[in-house]
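Chain lettering (A, B, C, D and E) follows the sequence in which the chains are written, and residue indices restart at 1 in each chain.
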Amino acid sequence: MSGLELDIALDLPGFRLEVSQSFAPTGLTAVFGPSGSGKSSLLRVIAGLEARAQGRVGFDGQLWQEPGRFVAPHRRAIGYVFQDARLFAHLTVAGNLAYAERRARRAGRAPDRPGIVAALGLEGLLTRRPSGLSGGEAQRVAMARALMTAPRLLLMDEPLSALDDAAKGAILPYIEAIRDGMQVPVIYVSHSVSEVARLAHHIVMLEAGQVRRAGPAQDILSDPAAAPAFGIRAAGSVLRAKVLAHHDDGLSELTVAGGRLLVPGFAAAIGAEVRVRIAAQDVILSRSRPEGLSALNVLEGELTDLRQGQGPGVMVRLRMGADQDVLARITQRSARALSLAPGQRCFAVIKSLSIAPLDVGGSGAV
Amino acid sequence: MWSDAAPFPDLTPLWLTMRLAGISVVILLLVGTPLAWWLAQTRSRAKVAVEAITALPLVLPPTVLGFYLLVLLSPNSMLGGAWRDVTGTALTFSFTGLVVASVLYSLPFTVQPLQASFEAIGRHPMEAAASLGAGPMDRFFTVATPLALRGYLTAMVLSFAHTLGEFGVVLMVGGNIPGQTKVISIAIYEHVETLEYAQAHLLSAILLGISFVVLVAVYAANRRFPVHAG
Amino acid sequence: ETATIAVATNFAEAAEDLITRFEAQADHRITLVTGSTGKLFAQIIEGAPFDAFLAADQARPARLEAEGRAVAGSRFTYGEGRLVLWSATPDAIGTDGAAVIRANDFEHLAIANPDLAPYGLAAKQALQGLGLWAMVKPKLVMGQNIGQAFSMVATGNADLGLVAKSYAISMRNRQPGRIWDVPEALYDPIRQDAVLLTPDNAAAREFLTYLKMPEARAVITGYGYHVE
Amino acid sequence: MWSDAAPFPDLTPLWLTMRLAGISVVILLLVGTPLAWWLAQTRSRAKVAVEAITALPLVLPPTVLGFYLLVLLSPNSMLGGAWRDVTGTALTFSFTGLVVASVLYSLPFTVQPLQASFEAIGRHPMEAAASLGAGPMDRFFTVATPLALRGYLTAMVLSFAHTLGEFGVVLMVGGNIPGQTKVISIAIYEHVETLEYAQAHLLSAILLGISFVVLVAVYAANRRFPVHAG
Amino acid sequence: MSGLELDIALDLPGFRLEVSQSFAPTGLTAVFGPSGSGKSSLLRVIAGLEARAQGRVGFDGQLWQEPGRFVAPHRRAIGYVFQDARLFAHLTVAGNLAYAERRARRAGRAPDRPGIVAALGLEGLLTRRPSGLSGGEAQRVAMARALMTAPRLLLMDEPLSALDDAAKGAILPYIEAIRDGMQVPVIYVSHSVSEVARLAHHIVMLEAGQVRRAGPAQDILSDPAAAPAFGIRAAGSVLRAKVLAHHDDGLSELTVAGGRLLVPGFAAAIGAEVRVRIAAQDVILSRSRPEGLSALNVLEGELTDLRQGQGPGVMVRLRMGADQDVLARITQRSARALSLAPGQRCFAVIKSLSIAPLDVGGSGAV
């Protein structure tokens, strides 16, 4: 199975989008970039909604677009969550969902209606007209409608931007289930680093219509060079972990290279592989193993490099094992005070609870 | 002038008119919808010309348009001749001819409001429908049409009413044959011309009354199933 | 002085000719307004600014006179219309028009509406007189006035028409074809009356007087009307 | 029948017609706009009835409507009498009367498309304008009107074309007086009725030609300054 | 000067909003609550856009609404950023801005056009039509348009939801300037805790159309009882601080009750009062003063209470001085291991860089 292959150019008055990029056939690819960088335009090209786009679009061995050939949007079996909700004003919420479901079934795909309605909390809204929905409600309905197509490729344009954390927390597991359980590749536009960190296996960074960086989420999120683009506060590392135990006091224990981690309890089978994101700024460094602190997680590793950023910070990389790094962002002052230098053994102190629930996710297919 | 006792007028023309208006409106919607849709979508340079041509039948006085249609549809003409060869009947002086004439004459009243409301929909809902797997015909009927309901209402009201009142064209092309092409507008006209004012008033009142009821029903239905804009 | 004169459509061509001649010899200007007799009548009742009325029948001028809308005693017959059978197809009509109708080898026969137009009534009477009314009735198509009936024939949609002679022999008629004069015995004379509407308009009064002069009568005869 | 040499027809009726159509369209917009706006906004129960009544002038045959208007506007009537008392002139058989009749007859073609496009705007842009300090009149002219441009276009095209071709009403109310109320539709009609076909063709061609140019200009202008929907 | 006074009820099919609340005459009040709780409806009532609303609305000594009296929206001199942008489709971006500016000037108010255009980065967009704007661009234009009214009261409905952190970082100072410099009260709907924490002087929490809590931001954000509503991760404390020095290595030093704090450098006069927000989950506790850690900030205080939450966490409150608390969220396991109990002296370890730039703001008028 091959994924999405793009080699396209789109000229809009005063803006040019030029993307030549392969997307993984499974997992979630986050498209990240500043406002106006061409994220929505990219999704439109993939969906076949930009007649002006030049070039090639291929998906799963099929050519959707090449010179002289153009597969119409409705034949691409995509689900598209638009940045604006675009609900049908003449249909109720239930009617909007049924619109998608009917066509999916006709094409031989079977969406899980009750599951979607429940995941997005739409039970009470089904008889409403779109004009009677709040902003967040409309966004949830739009997402449900796209899911109701049971798509082969899911395009989501900032689907959670109008939602509060509680609603996001209810919806994200459902997106993960689609991403992993249904093996539907997802292309996900977002400007929320925590969403990207939790969900993405791959990241494509756009800037002014061009791909600036692209690659596995783990690499990009832990690459100090990429940090400025995400905002320095988003830098962090992603560790592969194995579930060791679930404890009575609500904590789950994981093994990672370099030690063990206690994280807020979550549902996963013992032995399952998961990913844990550790934000660089949540890591405290110590030359000696610290004692008497409330922080439960201390990992030991080798300091491989220090990189001076703009501002008062230094990004420090600790190697825990093959391919497993932890990033720590500390002040220059601290680095001097601790006389940090490459080659030293160091301890990373991580407050268990600063590993956000959002940041523990299924392993996906990185 | 306002006589009180008068023989009750023959109502055949009324039913004939209703049939004509009904059939014409249906055909107008069938013909006008694709034309309006094309006009709303196209970026062709021909668009402006087609838009203008669509409005032109209105510009000619009905009787004169009727006269030209008489020439155009006559069995001696190419068009009328071909029709006769195929169907064995003439287009002129027949109910079918009336329908053709009415449709031509009322076409602008159907096309213009439909086009305007198709244009008002914009591309966003249609894109959403496409992303949900709806093909062009599918999304036309399930999205564009319901969202253009107000345009359909306007189109139907204007063309229906106009066909009822239309007279000059119908007279020329139809030949005023009782029971076949003598519509109510001709009947009322005749009553006025022959100073049978009482009967003219009565027929006018009936026509107005029925039209009023039909229109109120249509508008009330529209009010019950509105599309909530924004 | 100027006058506005309302003239029944069938007499329009002749009226134009007459006005030109009249204006050449009198110091007056005449504005011609044409229309169907019925419409002009209704307008006069509602106060239309016409100074004289040349109708296509006798009834309406008489009624205007009776209702005091016209100058009493000014009414007179300026011409008598003639009915002909006419077809746009050359040779469709031989020497005996009645036989052509009787042969029933046509699809439509156009007449003016008998309820509205005097020529229509005359056509009906003629057909009844020939005993052919019931036979042709299903084939009749009707214009609201004689002009429309004529158009139906002229465009070839009606094979035959019973129309005003003035139309059939008009210089403007580009398909003269053959005409058959319907015997006068078959229909009541189509007397067309004129009436003065405003007593003190010299132009109108003099124009009506002019219509009775031999010169005018010759012109009228030339347009296919009978003048007593 | 299709003669080649014919005296060039008098063009006075053409200019008269253009004046009539121009003035009528302006008045129709002035009268139709508030009516359409009210209809688009109101939640009154009277709305449906008013909507239906607005469409009723269409239902009557023009000549018959003309006849009723003749009766209504005549100096013998209350309305026409009052007009004469105030202005010293009669409404019937005058250019003013023609304008009144045209406006009445073409009103539905103005009101309906305007109402439809006002309704399509929805309340959101108007709310935004209010929040920016625009009062009702202000936001009507600066937001509703430009957003309803397509409706204005439809309204203007339909009423302009309809006024050009309008004939029965005008003939009845105006009295076909050369230079005053003899509009081009009547002139063409007369040419047809009096067998002056060549002149009828010529006048029709001129009328169609001018109308085509006007309509193309209007549509092209509309294309140049579009409101991008969604 | 009195602020906004509300005592209103609004019945929508299936939803009732009932709010009786005074809003401070200066500063920014955040309206916070889950999707569908009535936040947008509340703004609509304040703006006078809900004809169905019952009750009283008063602002600055004027009655905007009471039975029998209703000041039309355009006479209220408000600026309203709608949740959807609602730009005028028939005008360019410049036209949209001019629309607001012209009416403001007519009413005798003078907006700072160049400042607004610059703050929102609209220089390159002025000739565009709204249909040619990206989602974030449209949102910025909408915000600029509302600011161009130079309002007496600014209503903002999730104005930054479509924007990335960089754009937010550029815009937030401008909102602060309006809030403080122009003394325009702002009512700000948001579901972003970091925005609320940075900007808000007051918080009104809505739930199902009712006010659940209302009060000064500092109290509500540091009240453990309110934490669940914000999401446990949002809990934290706000300390009053005084700028002590700006150091060469890019750090600024503040004095707070309980000690000194080093935070990423920011612009403020020496001696100025600022507010510092410390997220409860970013605090590590220690019974003894910790040594040899990269973390620079250690505050000492008295443990006043421990509160067991749902899940594995415990919220611990340390009193630093009068009215100055620091909240720490740690695991039960740690609390047990350290034998924490009220009355003990404790040390709070705070990584300097975990005090987010967004969380240091002007002191406002709390």
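Structure notes:
What we mean here is this: contacts are C-beta pairs under 8 Å (C-beta built on N, C-alpha and C of every residue); 3 or more make two chains touch, one makes a residue touch a chain.
A quick map from chain label to UniProt name: A, E = Molybdate transport system ATP-binding protein; B, D = Molybdenum transport system permease.
Please read these numbers as outputs of a predicted model, since none were measured by experiment.
Least step count on the touch graph, chain A to chain B: 1.
By the document's definition of touch, common neighbours of chain C and chain D comprise B. A centroid comparison over C-alpha atoms places C as the chain most distant from chain E. The geometric centre of chain A is 60 Å away from that of chain D, both derived from CA atoms.
The distance from the centre of chain D to the centre of chain E, with each centre set as the mean of the Cα atoms, comes to 57 Å. One finds 35 Å separating the Cα centroids of chain B and chain C. The set of chain D residues that touch two or more partner chains comprises 63, 67, 124-125, 192, 228-230.
Those residues of chain C in touch with two or more other chains are numbered 39, 42, 148, 151, 155. Looking at chain E, residues 84, 132 sit in touch with two or more other chains. Each chain pair that touches appears in this list: A-B, A-E, B-C, B-D, C-D, D-E.
On the side of chain B, the complex with chain A involves touching residues 124-125, 127-136, 138-139, 142-143, 146-147, 149, 227-230.
On the side of chain D, the complex with chain C involves touching residues 1-3, 63, 67, 70-71, 74-76, 90, 92-93, 171-172, 175-178, 182, 190, 192-197. Residues 12-14, 33-36, 39-41, 83-84, 128, 132, 134-137, 140, 157-158, 161-167, 191, 193, 231, 233-234, 247, 249-251, 262, 264-265, 281-282, 284-288, 290, 292-296, 311-313, 328-335, 337-338, 349, 351-354, 356 of chain E touch chain A in their complex. The touching residues of chain B, counted against chain D in their complex, run 47-49, 51-53, 55-56, 58-65, 67-68, 108-109, 112-113, 115-117, 119-125, 150-151, 153-154, 157-158, 161-162, 164-168, 185-186, 188-189, 192, 200, 204, 207-208, 211-212, 215-216, 219-220, 223, 228-230.
In the complex of the two chains, the chain E residues touching chain D come out as 47-49, 72-75, 77-80, 82, 84, 86-90, 99-100, 103-104, 106-107, 129-132, 145-146, 149.
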